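The structure under discussion appears below in the form of structure tokens.
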Amino acid sequence: MKDTVRVTVWNEFLHEKRDPRVAEIYPKGIHSVIAEYLEKEYGFEVRTATLEEPEHGLTEEVLNDTDVLIWWGHLAHEKVRDDVVDRIYRRIVLEGMGLIVLHSAHYSKIFKRLMGTTCSLKWREADERERLWVVAPGHPIAEGIGDYFEIEHTEMYGEPFDIPPPDELVFISWFKGGEVFRSGCCFYRGMGKIFYFRPGHETLPIYHNPNVLRVIGNAVWWAKPVKRPKPRFGNVKPLEKL
Amino acid sequence: MKDTVRVTVWNEFLHEKRDPRVAEIYPKGIHSVIAEYLEKEYGFEVRTATLEEPEHGLTEEVLNDTDVLIWWGHLAHEKVRDDVVDRIYRRIVLEGMGLIVLHSAHYSKIFKRLMGTTCSLKWREADERERLWVVAPGHPIAEGIGDYFEIEHTEMYGEPFDIPPPDELVFISWFKGGEVFRSGCCFYRGMGKIFYFRPGHETLPIYHNPNVLRVIGNAVWWAKPVKRPKPRFGNVKPLEKL
Amino acid sequence: MKDTVRVTVWNEFLHEKRDPRVAEIYPKGIHSVIAEYLEKEYGFEVRTATLEEPEHGLTEEVLNDTDVLIWWGHLAHEKVRDDVVDRIYRRIVLEGMGLIVLHSAHYSKIFKRLMGTTCSLKWREADERERLWVVAPGHPIAEGIGDYFEIEHTEMYGEPFDIPPPDELVFISWFKGGEVFRSGCCFYRGMGKIFYFRPGHETLPIYHNPNVLRVIGNAVWWAKPVKRPKPRFGNVKPLEKL
Amino acid sequence: MKDTVRVTVWNEFLHEKRDPRVAEIYPKGIHSVIAEYLEKEYGFEVRTATLEEPEHGLTEEVLNDTDVLIWWGHLAHEKVRDDVVDRIYRRIVLEGMGLIVLHSAHYSKIFKRLMGTTCSLKWREADERERLWVVAPGHPIAEGIGDYFEIEHTEMYGEPFDIPPPDELVFISWFKGGEVFRSGCCFYRGMGKIFYFRPGHETLPIYHNPNVLRVIGNAVWWAKPVKRPKPRFGNVKPLEKL
């Protein structure tokens, strides 16, 4: 229980190279900001991986050494190789690796596959105010957070958000323009646990916000694998006399 | 609310043609037994469709005329065309068609896609006793059913059943050989509603059991589409001054 | 399934007698407006009952003839007799009567008892705008409602709302002043079903809003009792050889 | 996160004094066996409290020093003082103390109050076999447990179990006599988390079973309070311009 958690932060890492505004906020990439925080504040063992590395940096070996995978993507969801998605999927559902899906990764292949729905939503880029309200007061992912926290300038995501009803709903967002959004959603899938967390637009310093980082850190604790024998499926003999 | 419901009962319809034991129990196929019951007892408008018809009998037109689709398959899940699965999927998630998934169809393409998990389970063919217990006493799918009902001889399905936590769990099965199973499971996905119901082995007269048929009829009522405007996704303007 | 539903609309009926502003909006009381709508638009058999009638109008006989009870209260929660609350409670949990709890009735004795939590919330009377977003697109209580509907002037209720996680969450409200609220919440309790619906301040014509009324009508359909034998509890003999 | 957890194990402690068969299995009481295990195997700070101590051993001070309360009762639910129940209730719902409810404590005042239902069930004392199946493969309360574990001789509890649908369902029991039971159930209530766990009959050495003890230990980790500011309820000013 007191062991460390091995985290891999995956980032598409394209915006930061192409758009100077993004590079200014995240000179070493979004993944590096998150990784440094988790290492420093939570003491996790953290590595990073990005799209343009071989196998997107997510070899069998890397995934086998990963307890929780954090995923940021936006421009290039379709460029993620299907065999790598299969590998991630199996590691989550069959072996219990946790997955934290950030912001625009609602449209990533792995999230859509795990949800079984379109994962569509409303959106607007107007740098408006968001207020994330805690609606699960005893949930470990809300640790350290008050009734709400604010992000002053952000992209809007609005309902309907086409996901299955979350198994645990932790945050609901209010947006100045008139929308609401289920912003912090927990899902149990097979042996694995998935947390979707809305904040994170690339042109804004969302991942420098201490509340956003705190929630990601909490989610890692929540999503880490449970140590138990793999489930046994298939043809079985009776356990009792028939 | 008092309108009829248009039901399509889909059956792979292979066992009945190949195996005389199955043909004896279901001379006109599993689909016909279910269709006749739903027509007679519930007054639904029912049609049937099978694997070997063109487009598996599930053209755009047929699906557009279907409120609830009932699905039985076992031997030939892989023979169901991907474009037809896509069509069914869109009709459920985007337009609200209901889906009732029977027995071995836990491994059908459409169910696995909607669940996002492997849908694996334990199983055993030993013609043993099953007792289905109601665990949602106020649920409409349990209407007319007492604390439990029994199936004297059946195939066993056992936990773990690799599905997401059901949004509503209606039945849990007890098996003589020592296992339990979540046998009646409701899921909300997009505009649609899905009910998985376990009973139904082809070599046994499961679909002549009045309790099994009653549950399927109840599930049709529960799963029928809700009439409301289609959700709007994508880029939107603010509803309030920013 | 096509039978009518017998509805009793209960109202404290004090504001309307004491406050001319309320009397102007609801000259015959809030209960009468709701009752007339349900009778006319849905064809339900509707009666009403109020606090100052003997036994608050909720005798054994009346409750035995009630499929769904609608509850509005605000000033006088503590004046509702405990034996009448016990009677309502038993009729819901043991016999399946539905309960629709409106607005300030979040603090009614019957709702708090069924929830097991304090049912506290934030509130503000500032006649501000509310926008109720549908987050369960396939839910029958959302029938006829688009992505959202608005109430131009209303009291605010805000999170945290101290209820158990709803078994189905249908609406989330956005308020101009910056809050969100889980406004349409379904709960299964024993044989009964409960729907909490937020709108309804007495000094505003909320129950003349067609969307509000539509949702209440839909909720009656959803909450009506399921016809099945009463559960059997207590000491039982084995069903199988030990 | 790595802090210890302060646990109080409460036991009615009557059977052990009155019935020599029970005294033989639990010479120092059921509470002592659980307390010693949690101290030794998990390193928690554990104290015990019993019915006949002043204020049942549960003073304000003791509760304020308790992160998770474990509750065993059977004969004397009605002897537990209402003011002490109120105190426990407030500490859970308003301050986040965890509660683990064992076996016959399904009928304790505190559990019934938190559930809002009757908490009735079927039962039989026939020393028959129980098999607890894990149905939430990634849940931390199942850590260290395989597909199932068995208790060779135990009292039977059967469905329907009149509780709200659990927020997370971890175990389902199979009984030789033909019943099933939702045996491991998680509930979020206010700031607090509650776990109901079925095993534990007093005349049998259930609390010497390593799997049973393991689950209780896991549940303490799951149920411990989350550190965050207390929710603010009541009248509030707008956060945005109206």
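Lettered A, B, C and D in written order, each chain numbered from 1.
We take it that a contact is a pair of C-beta atoms (placed from the backbone, for glycine too) under 8 Å apart; a residue touches a chain by one contact, two chains touch by 3 or more.
Everything numeric here is computed off the predicted structure, so don't read it as measured data.
**Student:** Which listed pair, B-C, C-D or B-D, reproduces A-B with over half its contact pairs identical?
**Tutor:** C-D
**Student:** Is the C-beta contact count larger for A-C or for A-D?
**Tutor:** A-D
**Student:** Whole-Å distance, subunit A centre to subunit D centre, using C-alpha means?
**Tutor:** Computed from C-alpha means, the inter-chain centre distance equals 32 Å.
**Student:** Could you grab the centroid distance between subunit A and subunit C? Build each centroid from C-alpha atoms only and quote it in angstrom.
**Tutor:** 37
**Student:** Which subunit D residues sit where two or more other chains touch them?
**Tutor:** If we look for residues of subunit D contacting two or more partner chains, we find 131, 134, 136-137, 147, 158, 160, 162, 165, 167-168, 176, 178-179, 188-190, 231-232, 239-240.
**Student:** In their complex, what parts of subunit A are in touch with subunit D?
**Tutor:** Contact set of subunit A toward subunit D: 1-2, 96, 129, 131, 134, 136-140, 142-147, 167-168, 176, 188-193, 221, 225-229, 231-232, 239-240.
**Student:** Spell out the part of subunit C that touches subunit D in their complex, as residue ranges.
**Tutor:** Per the touch definition, subunit C meets subunit D at residues 93-94, 113-118, 120-124, 126, 128, 156, 158, 160, 162, 164-165, 167, 176-179, 187-190, 231-240, 242.
**Student:** Could you please specify the touching residues of subunit C with respect to subunit A in the complex?
**Tutor:** These residues of subunit C touch subunit A: 131, 133-137, 147-148, 158-162, 165, 168-169, 172-175, 178-180, 182.
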